[in-house]
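Here's a structure for you.
To keep things simple, chains are lettered A, B and C as they appear, and every chain counts its residues starting from 1.
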Amino acid sequence: MGADPRFFLAHGPIALSAIAAAAGVTLAEGEDRLFADVAPLGDAGPQEVAFLEGRRMLAALRETRAGAVLVAAAAAKDVPAGCIALVTETPQLAYARVAALFHPRPVPVASIHPTAVVAPDARIGAGTEIGPYAVIGAGAEIGEDCVIGAQAVVGGGCVLGARSVLRAQASMEYCIAGAGVVLHQGARVGNEGFGFITTKAGEHVTVPQIGRVILGDGVEIGANSCVDRGAGGDTVLGPGTRLDNLVQIGHNVKTGRGCVIVAQVGIAGSAELGDYVVVAAQAGLVGHIKVGAQARIGAQAGVMNDVPAATDVVGSPAWPARETLRAFARLRQLAATKRDGTSGGTP
Amino acid sequence: MGADPRFFLAHGPIALSAIAAAAGVTLAEGEDRLFADVAPLGDAGPQEVAFLEGRRMLAALRETRAGAVLVAAAAAKDVPAGCIALVTETPQLAYARVAALFHPRPVPVASIHPTAVVAPDARIGAGTEIGPYAVIGAGAEIGEDCVIGAQAVVGGGCVLGARSVLRAQASMEYCIAGAGVVLHQGARVGNEGFGFITTKAGEHVTVPQIGRVILGDGVEIGANSCVDRGAGGDTVLGPGTRLDNLVQIGHNVKTGRGCVIVAQVGIAGSAELGDYVVVAAQAGLVGHIKVGAQARIGAQAGVMNDVPAATDVVGSPAWPARETLRAFARLRQLAATKRDGTSGGTP
Amino acid sequence: MGADPRFFLAHGPIALSAIAAAAGVTLAEGEDRLFADVAPLGDAGPQEVAFLEGRRMLAALRETRAGAVLVAAAAAKDVPAGCIALVTETPQLAYARVAALFHPRPVPVASIHPTAVVAPDARIGAGTEIGPYAVIGAGAEIGEDCVIGAQAVVGGGCVLGARSVLRAQASMEYCIAGAGVVLHQGARVGNEGFGFITTKAGEHVTVPQIGRVILGDGVEIGANSCVDRGAGGDTVLGPGTRLDNLVQIGHNVKTGRGCVIVAQVGIAGSAELGDYVVVAAQAGLVGHIKVGAQARIGAQAGVMNDVPAATDVVGSPAWPARETLRAFARLRQLAATKRDGTSGGTP
């Protein structure tokens, strides 16, 4: 069973040959069948294409009723008779391409909803769709083929590149964004950061935050995530960087390209990440540290120091992964021994 | 002093007999007094009903000026003279019932605000109230006696059961919800999950997320919490499950009935929780794990493995509670000893 | 280079004498130069004023092209020739004052946008600006010179003091707020807290939440942060207390004045903080504890017990900082030793 047609119109049927081409798979000779949709391995029927990555669902593969399955070579032997094996080194990536055939990103309907409030000097590119109750501020420049969702807010002076999307109730201010940028529901970009200085008497005096947010091409900001503008100078997310939901990015953070920031991570002001850094869920990074390219920060880690490139760190405070895991194991052993060294309880 | 009448209209006066009936309490013979409201134990006056659960506020009980107090039998002797003791095994539950007499959930005013944008083919049930600037999408079906708050968004095709509530600025898309569902302010249901696959060259390719969110009867989603729709197949929250604020639920998570997910918890994709699981504040669960019914996960825990039913786990990584607490105690002892085994500093 | 004029109009030029006066700096005799803006130390040009606090950017100071720099006495010798050293004990505080000369808080444009929905009996103070699609409820009272941003919601009966600001899509309900209060984008104040009692059968019964939120003068609530109203009695944030983004404040929490609650902190119900408490990012506090004045809670701490005044605690569970750091060091040593006591691996 494919995607629920209440919500998802599958753009089928699509021929196996087109599917294979999108997937980068070589087909054996045979009839060019038609397929209706993609579906998960356990749910798919003869008119649907599924995929298997890894070994977790191998049992499901043997029992699948899918018409075709994208699989790695090692799993091809487990594809049931009557099901077409589409062999690829990267099944999930191939699935992404095939699914996009059936469920392409919707083409904007070039229109400005009559209830949208658009400043007279705002510039809206050709093909862009602006939804009900959206607010576009003075001097804003929105590129071609964008989608501005219901009640989304684009602040005065902002620039949004072509093919970008603001989903319902997202807001951006003090922001220059490239092409193909996506702000998910309730994302908040360009807020005033947490910048103040406290007098001896305990009064907090706001420091005007007069920097911007720069979002590279293809940046995505998850639902209800927050990206503060710079205090002076900018907060910069490099091209292709993706934030999950409920992430906090402090003022003047800079990331390289293609970083992955998972849900509920917090990165404090002026921290700098190189290219392709991965920060797992709920981790926290203190301000002003430098994280080298391709470093990987573990879930719930507390990173208090610079992290070298291509290094994995876990724990709070975060240490290189191997040391931390050994420390936890040792702690567990100790918990199982009494103070006099004799064993006690479950090791 | 009862609730502030600026905000809360108490539906009184209500007779003691009705209060006792709602509370499930047997009254001794006596005059059927009238009461004006409920109030906290320390603030209540002779026309108000208070409650005491546990021992924390026992001193406040002895000094209360409340006209009546819901108490457990053991505390009845501490109820001051002139104050009516309403004895029940479950004082706080009884209080919930009594408070609801004075402060019932508001009845919707059947109406569609003239500024609401409602798709022509959307179906709105009898008695439902739709507030200013709400947006109801094509083919949506909203049941009877619902409340759609100011600027709330119901996406195309969504189904919302009777007596449900979307508070101001909540949004739901790709969602089938049962009866009595509540989305609190800024809750985001049905967002596109964090689904992408990364090519060797480091480019993140979005995987179309073509599943839905299924919310059982009585599910509540806290303010600014996020529930991502399924990648393929659904994200499912079982009947009665409640999420606090700022919670993240990843794609394809499934919970049983009556789960309690406290503030700022993150549950990664495809994790499955049984019935009545409690996840305390700020805990994180990795993807694809299974948590058995009635398990309890401690605050700030980092759960990386399956959790058996009816098991308590704490810590990051999370272990069974007893082991973790012993490990922390042992670590504390060790911190107090020097490397040569002699004692140093505060144990 | 100063702030981007797309977004920030600098209110210059401003004379050095005025700058010095705002900064509380004594000037040597000399020409009263004009300055155009403030800028970061590394970017500033001859018409801009920069600052240096601490030693982190000392190298940048030696090479700055700024026309003037606010510095502490110890750094005055590093100010390049041709650059005016403005010597002060508190450079960053002085910078905040000077930056506010060039970038003062915008004066509201007294106006009610034609699309704003304002209840007939709501009272709006002189000079207040209400933006597009804002919703002001019955009986609300908004003071003078406030700014209510696009789509912000002020619930019925709420009181907001003079010179307060609700940024786009913020919402407040059941709230009495003082003067100079700021709710940042998507902040949610007055939500129904996570209050329910569970029956033996596992059903969660909502406890009506009939308290309010009281915000003192100058309180700031960060973007997408949530402050739940009291269950009975109020949630109270003392004057000058500031919340960063994505913070959760549970029902009936009380803080003293000037507390600093950093991003993604969670404070559970009925916890009480004294004056000037600092809670660092991602920390969690359990309910009903008392944190004394000027205590400091470390990032990611898990505070499960009362904290005495002026005490620093770190870790989860949180202990006094010195003990925790010693414990971590000891754990690290142990990780480097084998079970038989011999050394192994990197210490």
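Note that in this section contacts are C-beta pairs under 8 Å (C-beta built on N, C-alpha and C of every residue); 3 or more make two chains touch, one makes a residue touch a chain.
No experiment lies behind these values; they were computed from the predicted model shown.
Engineer: Hey, what angle do you get rotating subunit A onto subunit C on C-alpha, to the nearest 5 degrees?
Structural biologist: Fitting subunit A to subunit C on C-alpha atoms yields 120 degrees.
Engineer: Determine whether subunit B and subunit C, two copies of the same sequence, contact each other through the same residue numbers or different ones, counting it as same when over half of the numbers at the interface appear on both sides.
Structural biologist: Since fewer than half of the residue numbers are used by both chains, the interface counts as different.
Engineer: With chain centres taken as the means of their Cα atoms, state the distance from subunit B to subunit C in Å.
Structural biologist: 27
Engineer: Which residue numbers or ranges of subunit C touch two or more of the other chains?
Structural biologist: 115, 133, 151, 169, 186, 224, 246, 264, 282, 300, 316, 331, 334, in rising order.
Engineer: Which stretch or stretches of subunit A touch subunit B in the complex?
Structural biologist: By the definition above, subunit A touches subunit B via 2-4, 6-8, 38-40, 42-43, 56, 90, 92-93, 95-97, 99-100, 102-103, 113, 115, 131-133, 150-151, 167-169, 184-186, 218, 222-224, 240, 242, 244-246, 257-258, 260, 262-264, 275-276, 281-282, 299-300, 316, 328, 331-332, 334-337, 339, 345-346.
Engineer: What part of subunit C is in contact with subunit B in the complex they form?
Structural biologist: Contact set of subunit C toward subunit B: 115, 117, 133, 135, 139, 151, 153, 155-157, 159, 169, 171, 173-174, 186, 188, 191-192, 194, 196-199, 202-208, 210-212, 224, 226, 228, 232-233, 246, 248, 250, 264, 266, 268, 282, 284, 286, 288, 300, 302, 316-317, 319, 323, 326-327, 330-331, 333-334.
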